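Shared between the two complexes below is chain A, which pairs with chain B and chain C, respectively.
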Partner chain A sequence: MPVRPIAAALALCLSFTAPAADASETSGARGRDGQLRLYYWQAPSTLNPYLSGGVKDVEAASLIVEPLARLDPDGQMVPWLVQSIPTLENGGVAPDLRSITWRLKPGLTWSDGSPVTSADIRFTLEYCTAPGSGCAQQAKFRDVAAVDTPGPLTAVLRFDSPKPHPYGPFVGPQTPLLQAAQFAECIGPRAASCTAANFAPIGTGPFRAVQFRPGDAALFEMNPHYRVDDQPAFASVLLKGGGNANSAARTVLETGEFDYAWNLQLSPDVLAAMAASGKGRVVTAFSTLVERLAFNLREPAPTPSTLRQAAPLPHPAMSDPDVRRALAMALDRELMVEIGYGAAGRVTCNILPGPRIYASRENDGCAAQDIARAQAILQNAGWTDDNGDGVRERQGKQLRFVFQTSTNAVRQDFQLLAKEWWRQIGVQTELRNIDASVFFSSDASSPDTLQRFGAHIQMYAGASDGPDPEAYLSGWACKNIPDRDNGWQGQNVGAWCDPAYDRLLDKLAVTAGLEERAELARTLNDMLVQNHVVVPLVDRARISAHSAALEGVRMNAWDSELWNVAEWHRMAQ
Partner chain B sequence: MRSARRPALGAMLLALILAAVLIGPAVWSAAPGAMDLGARNAAPDWAHPLGRDQLGRDFLARLLTGGRISLAVAAAAALMGTVIGAAVGAAAGMSRRLDAPLMWLTDIFLCVPLLPLLLIAATLFRAPLAAALGPQMGVFALVTVAIGASSWMGTARILRAEVRSVMQRDFIAAARLAGRRPAGMIAHHVLPNVAASLSVSASLAAASAILTESALSFLGLGFPPDLPTWGRLIFEGTPQLGQYPGRALWPGALITLSAVGIMALGDTLRDLAGPK
Partner chain C sequence: MRPPFLRRLLMVVSTLLVVSGLVFLLLDLAPGDPMSQLPPSIPEDVRAEMRSALGLDQPAPERYARWLWQMLVVEPAIAADALLDTDLAAGAPRILSWQTRAPVMSLIAQRLPQTLVVVGLAYLLGTFGAIALSIGSAARRGRTLDRAGTGLAAMGHALPPFFTAAVLIYVFAIRLEWLPTTYDTTLAVTGWDSAAVQIRQMILPVAVLSLQTLAQTVRYSRAAMLDALAQDYILTARAKGLGARRVLLGHALRNSWVPVLTVAALGAPQVFAGAIVTEQIFGVNGIGQLLIQSLQAGDLPTVQTVTMLIAVLIVLANLGADVLIARIDPRTAHA
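Now for the complex of A and B:
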């Protein structure tokens, strides 16, 4: 009986395109460009970002609801619904770092015409922190003790403890403002049952929801009360879900049925072939997602029985910084990017590649492959191939490593490349690939997880959550080494421990001021990279495509990709 | 006449593939692992008739080497499955006492979904086996045993039915009266009479073992990435189906042809052994 769904889909499309036809006839600034068609192959399941951690839901909701401040493509905060970004200098952040004062722009209205006030800010916080609400963004509000509303446009967030980076709540697309009047009855356990509100929240953004079918499609129309007179340029937005990245790319780049396709993680040659027709453009944006190698400084435990020993031994070869340096130097990262990622990646020498002020310049030039020098480093460190089997050894220990990663075509190609380059410097590598659902699982009893690290080298990707890198860099603290006692939890999979690094982290935790924090973060990054604790390989981009006739798209990996959708418009004919 | 032509076809197909993968790598001197990063995705030419893959490796060499591994796994796993299946089936068919428990066991194995089981087995035993036998032999043993141990049930059921019907025959009663012991009876009276079914089911098992190995490699659970098998070649080739269809189609075609060849051979064996 496949006829019925097809008919239903057709009916849906027809009903969705009808208002577009009407709208395109109207002239005038706002809504002059008709319908904007977005293809999100993972369809949103709700338009309330507080009830879903999914990127697809957050992105779709960002057409409607907006945070106080957004992040621009460089990861810089941009005041969105507020007059300015509060800082220590302008008095918005209290000197004791225990409160932050946000001042709303005057004259803001919701899409139903009612005014936006500081009570809405307080309500949104209460909504997410109410017990039983199942709010997905609770971590962002964790340390907020209370919100004071001294005036209708002023909200003061007070924290339990000093917060050197107080920009967690209401910055970025995950924590937008909700309207108190609409969600008043949806506090706590009732949050999920408020379907009407969750599927059509009232917002301040350029669009409002007309029709929403979870997991399928959504139709939006322009918000008549939007704060900029001639925006948005589109009268309506159709957001279509379903299919896969490949079919999404085709609809924009080859057939031109859609204006924008989201998240196209495809092989670079596949994407390049599609883009060659000239109907659309592939756009990328970088944040902090870095594909990296981690070295296991401990002796990996091949069988569960050897885990019984009290403290794992340091690995005789991996604990030698020269070996790690030589392994890193033998890699040709330019070629790896070219083969595996194309436009969706770039070579990085930093484990923290962004935002720009956090990116260190100290490691530039790391990408150059130098086999001869790597050989010399090993030779000078006493690793020599005495028995002529092609594998270097020192004091009876051979440079034979197990290199594991998840099952993924690009990662397997990288494994093969690394194996070949390491063979040239006298290192023998055995490759293993593990199913991604096993490798990235948090199952402490499985020996094949990222945290258990049952190999000498492993490759995976990781990113900082948000532009502030403190939590991310704390991952390499001594206390974050996964072991049997802490149930194999922690990000410091290679078991690198340096008290100097921990001291700097403690300093970062009490340092306010973006520039000072950035300097500390760069130093921490340099310690990780220059000690070859991790080898950053590829800075991976978010990649999407838009029609060649669409202008104003500023691809953003820090915020929603639709962050400036109000400015999007069709190119003049 | 019909059966006279088929043996030729099935056996010839299989012989051709076997010859290619066994002798091929010796004749075709290109190393399957040698990369030429300057010639990635190079188009076919005389030196590389099937072109080069995404890392500049000669695709024909990989195809031939991959066939060796895939067919070796298939043969070993089919042998193992047939031996286990024959033993269980014969025991169940001859002994009334063992019949019910053994068939329950068979039913249980039939119920267990294969791929999750293999996934668990791969997780549990890969490391110990690799430590004991070396990385490549360890995976070979794991994959072979896993496929063999999970594919004997069909053989056991067919054999049980066949053995039961043979056991009703008069010559069995005669042998029993003559004082033949069960082992001798199996060897001299039962097995020769069920050989046809056994060979058919063995060939079916070999064909399905090729497919299971491909599925495992396709899921990335099989051999390590530096060891090409047909399944892994398909796994690697699928994303590029649009641009380089040969990458997935060649190994796919060889898997299909091998399975067809083995099945045709099984048909032939049945016709030869049991002329009706």
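Now for the complex of A and C:
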């Protein structure tokens, strides 16, 4: 059969490529590298991050709109639209910690050519805090009482109470500047009906929206008014959505159709096989997302809960620190990372693993598995297996636990591993997994949520919002224990309560200097980890891939991954 | 003719009303939260405020009534305004998607071209291919073409699209690098070059989908052809001395139209509904992808509206098929 000639003819017909970008342009000129092709398999649904809050939308919008300061890959603040980061030392933060003064870079313009002024800063705050707007980022602006604009480039944010860390609003990709002129008619309930503005906000970033198809694709072109003359290197950006992480990884690593693929949470062996062809590179960045175990120090409520129990009893086994310590010691975290995450994870002994100055060194070495020592700890604490059934007991209470998590292949692997290790130290575990949409829902009527904690042990991931850990560490305060009275709200799911921890948190809330705050944060972290309130397992990374010909990518887990897209360019041939 | 037609129309309207109520009720009762995709750093009170900005705090009957009014009055008025340059809608609130805050109808309008081009073309190719194949295989029953055709149909039935798509991508996109794996919906056909790109990116999804349609249709059309060829009037036609072509196309094919048309007409709404799996694999972000994405995001207005439109199309296609078949074959009208 003449298959070969037919195939050859077909190949001839089909194998032409799209015309390359005009190569005659001098290198160094804006727009010299043609089109940048991004694959975001979860496609953005809007380009206004204030109306959505979803990570995919924040990322896509970061091509267009920018905050006053960004966070670099180490979690350090970088002045972006401002001259410098205001601090106590340079007088940008008032001595009473009740105001912060931002000074815009002179000569900044929006992509329509009009100047950026302090009025835009004030407007953006009004836009998000207007009642009825449904703004997703209003928590960031909550403590701001007023914005003064003493000059066109100067904005002073005044707070209700002293703020030792006044960098909530306008720092990071969630709270970029919007143009007052464009959104003036979109205040409050009218925010939703401004579709044209929401789909093509005017920004200061390197690109501007040309075409936006929610949930599908977006086309951007370079901003002719961008503040750096020879940036961006790309004349246009195509952001494509749809498919899944697997198809996204394939387009960059195997076929080379796209330059960048975002969020590739795939099994380590799948990703490694794709990357083997050498067409692209897998990149990772770490922030504070930690996969952890939480122990329930209370007797879990029977499900469905019909008992009206005034105060839940402390659990006889879980409230014993030696039991928690032995459970943690029996885990081989190295193996867990290798199986579940590969390059996208690393062993951590801290619940607060970053930025670097906040990461404690006191818990190093926790990752070593030591079954024999775990057995000895239980033995010495009086937990012995007297009846020979393989399960230790003390005063008639057996070490039998229910271990729950959300339905997810990696988490179920971890459950099986832990069950086996715990069996070896005389602990019997019953495994449960709950659909993620139920487990992570805020439905107070469901007994199967993270907050209700209808088990003894549970596994989930959590992260600090931004580099300052105060809000995150406050999650373990006594007042944040979820219970029936507060409608099962709060992050302190294990119901651990230590007045000393709360006192340190109060101190953190009034401490200003970075070094002092970091020291307090490390102490708080150590209290949580050394008391085995939580067992940090894996520090999880953001993982993406870019084509081998793309240069300038600095993967960032603190800000948008596209934070420095203006500097991205193609490798010279 | 008239009273039965009116009766049918009444049936159609009441069916659609019941369907609309069921669609709304089912989706409203189903678990799911439009805020569930937000990062955990957004606190519960902000989520509550976002829900109320979407109107979720109002009672269900009120939301149903408003949605029905928007479907039946506001959106048609807006369509009329756009076509006739009138001002019937007068700024009445449109059905807004929760996820994007854009009018649902404009989302559908954005998605429809991709779906129509890819799924529609695949449907046409599949249906005509099936008819051609069944003529050929019925004419030479048991020969190579017949066997190959039946084999292809069996394969199309047995292999789910996520498998055929993966195989085709592996062979033609990854190994041979002839075709792209993804579909660029922003591509505007402006000349020969872009037209060629468009054709290249359509080949794989259209191939996967048309194989499916072909497999579904060819079973009926081949059987109908064989059935017709066994009739006495075919023998008569042959005895009259008519050529094989006239017998096949003029007599056998015409008489096998009824089942083929029924299958084709009932399958037609899927052209508008899109193909969820294939669209997802190739990134042909049409109506099917909109539906699944909105379901995942808990975007009820979009899901309800899209489902309702598909229901309308299915009911209309049924009605159309009945009317058409009554024209072709008077026996069905008298039965």
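The working rule: the second predicted complex is superposed on the first by the 540 of 573 C-alpha atoms of A that agree within 3 Å, B and C clash if a C-alpha of one lies under 4 Å from a C-alpha of the other, contacts with A are read in each partner's own complex, and residues count from 1 in each chain.
The rule is short, and it goes like this: a contact is a pair of C-beta atoms (placed from the backbone, for glycine too) under 8 Å apart; a residue touches a chain by one contact, two chains touch by 3 or more.
Predicted model only: the values in this text are computed from it and were never measured.
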**OP:** State whether A:273 touches chain B only (first), chain C only (second), both chains, or neither.
**Re:** first
Subject >> Contacts of A:532 with chain B and chain C, given as first, second, both or neither >> reply: neither
Subject >> Contact breadth on chain A, by residue count: chain C or chain B >> reply: C
**OP:** Return first, second, both or neither, reflecting whether A:438 touches chain B, chain C, both chains, or no partner chain.
**Re:** both
**OP:** May I ask you to decide whether A:517 touches chain B, chain C, both, or neither, giving the answer as first, second, both or neither?
**Re:** neither
**OP:** Give one of first, second, both or neither to describe whether A:45 is in contact with chain B, with chain C, with both, or with none.
**Re:** second
Original post:
Looking at the overlay, what does A:333 touch: chain B (first), chain C (second), both, or neither?
Top reply: neither
Original post:
Looking at the overlay, does A:199 come into contact with chain B only (first), chain C only (second), both, or neither?
Top reply: second
Subject >> Overlapping contact positions on chain A, where the chain C interface meets the chain B interface >> reply: 438
Original post:
Which chain B residues qualify as touching chain A in the complex?
Top reply: 35, 37, 40-41, 54-55, 119, 123, 127-128, 131, 135, 219-221, 224-226, 235-236, 239-240, 242-243
Subject >> Footprint of chain C on chain A - complex, ascending >> reply: 10-11, 14-16, 18-19, 39, 43, 45-46, 51-55, 132-139, 189, 191-193, 195, 198-199, 211, 213-219, 238, 240-244, 247, 250-251, 254-255, 257-258, 437-438, 440-443, 462-463, 465, 489
**OP:** Note which residues of chain C are touching chain A in the complex, please.
**Re:** 31-33, 35-44, 46-47, 49-50, 52-54, 93, 96-97, 99-103, 106-107, 110-111, 169, 173-174, 176-182, 184-186, 193, 196-197, 200, 279-285, 289-290, 293-294, 297
Original post:
For chain A, which residues are in contact with chain B within the complex?
Top reply: 266-267, 269-270, 273, 302-303, 335, 339, 407, 409, 412-413, 415-417, 419-420, 430-433, 435, 438, 446-448, 454
